[in-house]
């Protein structure tokens, strides 16, 4: 079982690496944000794996929060149009 | 002394100095605030590293608590700074 | 804890407290202010009388207050301090009367009298100072309290004068302060002890002591207007006449001179100063100042400036007296402290009268003023003759003792020429004024004459003070040998200083 | 009795919350809090004087695990000064912000600032100090930004960034300490700390962080604009107390906890910087065109004096001379705190009355606002260090220490600095005494003029003549 | 009573002086009455000590002082009366009276004082008050004379003070007894000679004297020449160690200076065109003689007693005669009658020591000196005597010649104003006879008699050459070349200091600029804006 | 799990962190910087998790990666130009304000100073590392951690981090709440609420409709779990705030916060207020400040945490809003 998990972890690590490269290289802000989301998603996975590997169930909660909050960040990024009000 | 100590301690120090350099040298206000946050992260990393006692030992909870407090303080400061920047730009627009 | 312990403090407070109250008085409450002023002055006179009596009978009056570990505020009445205290108290009383008359209906009187009283308190405080720290404290306080008085009129010239005054005096203050601290760090707490205590220090310290002496004398020399530190004095003459009269003629410059006396006699000890080879230098500077001030005074058309330069010259007689080793020279220096004060204040009062009554500020405007203002001019003449050293006005006594002291000390070869030259120069700048005032025909119109309802040539409050001080000047000279004269007191001081 | 310590923190905090909740009664709450806290501080002072060091273990946990509040002579004195300054400034502010809508925002922040100051001065725990530093920094920035103008915002932002950087560096130092010694408690630390790379670099980090906040030359660049553009009571407190609080920490670290670690070479660094600060700050104050900038630069210079003590205290052997110098340092700091706050309050009055604080155009101020001018003069005296101000005693001991330590260079610096201070003070007064038509009965608001006057008078006369207990109190140390 | 009179003598004029300013009618010269009474009735040896006054005061009347007071009081009294009579309606009369009284007080004061402080005080009171008398007419000439007078007087006072200081430091007493003066330093002697030499019009120090006498109103000139000038002699007698020790250098100096004065006074006086000026030079000459006598006394201490007696006598008769002459000028000018001119002749003859006059008593006085003389200077005295008499006689002739011109010019006034003067002249003529019963006019100096006779002849003939002489030497003689010298020196010094000044100014300017540039540079380094 | 495998992970994480940090700090564009920072926060969460600091990881995930990111993004988007403009330009605008001081912006333009500072930073890094390694390699006493676990039983909670935060070092936390309050008061003092967003489209609304409840639920969970497992008021508050942010982005004007000033004030103040009240109550009970009776400790901590959560959430939302919420009437005028 741990071996499988480790393999998964390795895959996720690869994914993280790729995400990292994209995030660093851009070129557009959107690309970076997408890559960041990828990192976030990868992170969720990794956290879950780590939770198992390290015997820390709390990490699952972390994963959950990460998933939720990454969505918030994404939402913030996607940029709701602002009111053209009395600004 | 653990490898993790080495790795994370080292990178904590580096991140902190990166942050410091950027705070000192960056022109953009926003980036300086980010840099401060990064710098703080470096410090937090050192703290967490200290707390780490190896994979099987329970880590020292005190640095964790400190970091938690630190994070909240940092976010408060960041929020205030961002509002200040916003207000400042508004003022300058009005001028 | 009894009355004796607090008496010196009361003497200081008797002018300080009324002064502080006066700051808060309304501009219009003229009567209350006058009452405060006069009662303060009279009370002080009373207290000083008690102290004088006591000191003469070897009572000890000492107020002590710890400021910090090792730093004590000590007010101590000894013969020397009493001399200066009496001088300032009596002259304060007179000047207050004068100032009340002088400033009638002018703005900011509350402020003026407030600072005026603070000034006097500072002067009395430094007279009573029992150690260097206390002296420095009141010395600086005097600087501060004088500043608003010089700047009082608020004209650009007044502000400029005040600025120059400060620049000089504060620089001096800093030097004095530094020297004092230095000395303190070498010798510990430095009380004024007759005869001085520093000769007990190890010889290794002597170079340092010399530097300290230089620092302190430079600091004190600013107020004493020793050349080349005298630049402020003529500039400060923009102040109202009572200020010039009491402060610049008496309090401030005397504070410097008094400080020099203290440092030389009661800190270093005159013999020790001499041993260190410091007296001669001081003497030469004093001599230069005496001559320089007189020469400068010759060419001043502005009356107050002429008087100011005269002050520069005259005050250095005191320093000169100090440098003359031996009791007689000391008497001359110390007694001149009083004599010069009384005479010079007369001169400044009268100068103020001319300015206030007739708008005369320049010597060249004084033609025939003796006919218009005979009493004032008489007082002026008495002051001037005293300055020259003509008996019976007090000045001759000082000169007599200075010269005699220099003979005793074997310094006559340079002191006597200085004295003679200075006397002649004094005559050269005073007698023409007298000539103008008495013998010339008045101009058809005075620069700006005030129409006075008074019976006299000017307001009574302006007229009496100079007359009183003139009488005092004559009395000090005439009754010099009587038991209560300044001269006798100076001799008493000297006897105690030299342990005779 | 011992609860005094926690009340000093809790009461302002509680009142801050109360003013936020009940803005209508804010003034009454603040004034009563101010009075109560001042009484508290006085009680603490008395307690320290009579009973020695006060220790309060929050939550009942032993120091180390929990956080302890400690008060010795030094902190009690500074607390007292803070209480006096804040009490006076509160009264002043109640008139200053009379009808201004800003007052609703002002009071809670004001009390939070007070709370943080007290907390900082009492704290016995390194990390807690970090938190109080941040609280102090943020509340100070928020208050400073109340000026509202572009300049004020700009300055506040710079101030915030500097403050954050400073606390971050401080935190880094704390981290190293925890890593090296496993403790955050100051008392424990002072027992275990030993010379070595950990102590040195931790001290260096913390010091640099604190010096940034203390605005020691050349890290002072943020101070003049921040102090120069904040509302008057805020400037007063910023200059008088906020920089002092961080200075207090530097002092604590260098002279107390790490005193064994500090070498003479190291101690000369703050000395040299302090000297530079004295000269540069004074010079800039002399050239300043606005009163507030002048006052702010004067703060830079005055802080420099405090740092001049460091090499001297390091050089002096423990004993009477060192104690005396230490007292000099503290009394200088106290005097400056009181005087500078008085000065800023007075400047605020001038600014409000005449609509500007340009030094050139101050003519007639002495006539129009006599009490205010007097306050400026009094505080100026304290800034110069003339007698009878407390600064006189401070400078006396500074000079005396320099002489006894044989470090002559400082003497020259002190002399020049004093003269420059005189120059800038009297430059202002010179203008103020200038002639101008003036109204016979100037408008005076006692609540505004008196605090300034009393603060300056306290600095100039009170501390100078009744400063001896400071030395007594300083004997009570951790 | 005696003591009170002693004090009143000098105090009364001082006290009434201010009153004189307010009341112009009562005769102020009455203030001299106590002095007169004192002089004639108070016995010599009366002493008054006032320890609290000044540095301890000591008044007293010794023999010399008595004589000095005597003739001084008479002169002051008479001159005062005449001033009352002639000047009452003149402008500034009150002022004149005021200073007249002050000077009078000073004169009596110094005569009566036995201590140096009071002597000095009287000396300066007299000297300074006399300034006001000198410049009374306020013409440019009198102002100039006044200035010169004042400068010289102040110099004299300073020197006197210095001399006194040396004496005091030597003796430790303010009223040193004659015996204590032995061995005083040369400085003291030098200063005394200098200070009083000015007063005495010793040659080179005399420049003020002709100017002053010429410029002052007649009563003032009278007291200046009659009373004030003589105080120099009193001072010397009192404070030089005359008779205590042999001082060959100083003695010969005084003799030489005195002789020079005699000659110079005669020469310069002869070429003057104003009567007062001639009299002034005559004073110089006469004082020169007395100075020489003092010098002789220093050379031969054993003779000093007689010499001093002689000097005191000479001073008295010179003072009275000279003041009578001065006052006579006024009288003659006011009342141009033969009678007054003839009366004027009398004091002139007395001064010239003409036979049958009191002047010839001089011989009687000097005789014992010559008789007892032992030393080498024995030959000097007769020569001096002769020269002086000759010079005086010549000058008197010159004086009378000038005065004779006046006779034809003036309108007549009431004779009553001349009354005091007439009394004075009478006194001059008769008093010696009254005082000294053994007095017999001797004619043992035929050369002198010849000179006088010849002169009277000259006076009668009035040859024209006598009128071409005047103008060769202006009154004040040496002063003018000295002033020219001084002026050019001042010019030179001023030019020099100007040059130095401007150089220093340029230097300071440069330094200033350099400093400013330095600051600017420093600021640019630190990024600040200047 | 063996060390080698972990080593790979560690190295990857460290590289990722370092490169992201560097990139964040050197980005020429603030927007890019923000995104990189968010990514940095995400990776950081992993690192915290790896270092067995789940509490911190939670907080980082919620605050560091989420809310800070949102705040920064909002800032960037609101002021695309100005926020990036250098301080130098800003100061340049202050024509009337004569700067006597040397302008730091000028300083920075100097190459020499840039290099000096960089070198200084490098030196600092070396010193830091040196000191840190010294510290880590020396055997430091672990007494503090031991005493934490020793006293854990009396703390009322079983999660040591929560115990430290809310009991042993509760004072810190109280002050920290004060810091938060200060920040939000500062924000209030600076401005009213900024311009809102247009109502969201259907897609976004869909997101909102499931995300917000999930977040609220999560917050409640974290709060509850904090007593014995990682979690607690901060994490919960941040999560709750995230819900607010989402609502805000969706154009909900007040995000459920009360418009009334006094109610809002109560919400803001309640965290620190209750905390303080509890502390002072102990004082009234004759115990030291914040010394909970062991029996009550758990409940009190929960109470405090709940209140704190509310305040924290409100604070964070208001920070995101950048000011006090306005009601509609305000807007219409």
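A few points about this structure:
A, B, C, D, E and F are the chain letters, set down in written order, and residue numbers restart from 1 in every chain.
Here, a residue touches a chain if its C-beta (ideal position, glycine included) is under 8 Å from a C-beta of that chain, and two chains touch if they have at least 3 such contacts.
Treat the numbers as computed from the prediction; the structure is a model and nothing was measured.
With steps allowed only between chains in touch, the distance from subunit B over to subunit D comes to 1. The chain with its Cα centre farthest from the Cα centre of subunit B is E.
Chain centroids computed from C-alpha atoms place C closest to the centre of all protein C-alpha atoms shown. Each chain gets a centre from the mean of its Cα atoms; the one farthest from the centre of subunit F is E.
Across C-D and D-F, it is D-F that has more C-beta pairs touching.
Each chain gets one centre point, the mean of its Cα atoms, and the points for subunit C and subunit E are 40 Å apart. Centre to centre, using the average C-alpha position, subunit A and subunit F are separated by 19 Å. With centres set at the average Cα position, the gap from subunit B to subunit F is 10 Å. Per-chain CA centroids place subunit A at a distance of 123 Å from subunit E.
Residue positions of subunit A with contacts to 2 or more other chains are 54.
For subunit F, the set of residues touching two or more other chains reads 1, 50, 52, 55, 67, 74, 78, 87, 90, 93, 98-102, 128, 132, 135-136, 142, 144, 148, 169, 172, 176, 179, 182-183, 186, 190, 194.
Shared interface positions of subunit B, defined as residues touching 2 or more other chains, are 16, 19-20, 29, 33, 42, 46, 50, 55, 62, 69, 73, 76-77, 80, 84-85, 87-88, 92, 95. Remark: subunit B residues 1, 3-22, 24-31, 33-35, 37-38, 41-42, 44-46, 48-52, 55, 58-62, 64-65, 67-69, 71-73, 75-80, 82-90, 92-93, 95 touch subunit F in the complex. Contact residues on subunit F toward subunit D in their complex (touch as defined above): 87, 90-91, 93-94, 97-102, 104, 127-128, 130-132, 134-136, 138, 140-144, 147-148, 151, 167-172, 174-176, 178-179, 181-183, 185-186, 188-190, 262, 265-266, 268-269, 272-273, 276, 279-280, 283, 287-292.
Within the complex, the subunit C residues that touch subunit E are 385, 388-392, 396-397, 399-400, 403-404, 407-408, 412, 416, 420, 423-424, 427, 431, 435, 438-439, 477-483, 487.
By the touch rule above, subunit A contacts subunit F in their complex via residues 2, 6, 9-10, 13, 16-17, 19-20, 23-24, 26, 29, 32-33, 35-36, 39-40, 43, 46-47, 50-51, 53-54, 56-59, 61-62, 64-66, 68-73, 75-87. Partner subunit C is touched in their complex by these residues of subunit E: 51-57, 95, 117, 120-121, 124, 128, 132, 135, 138, 150, 154-155, 157-159, 161-162, 165-166, 168-169, 187.
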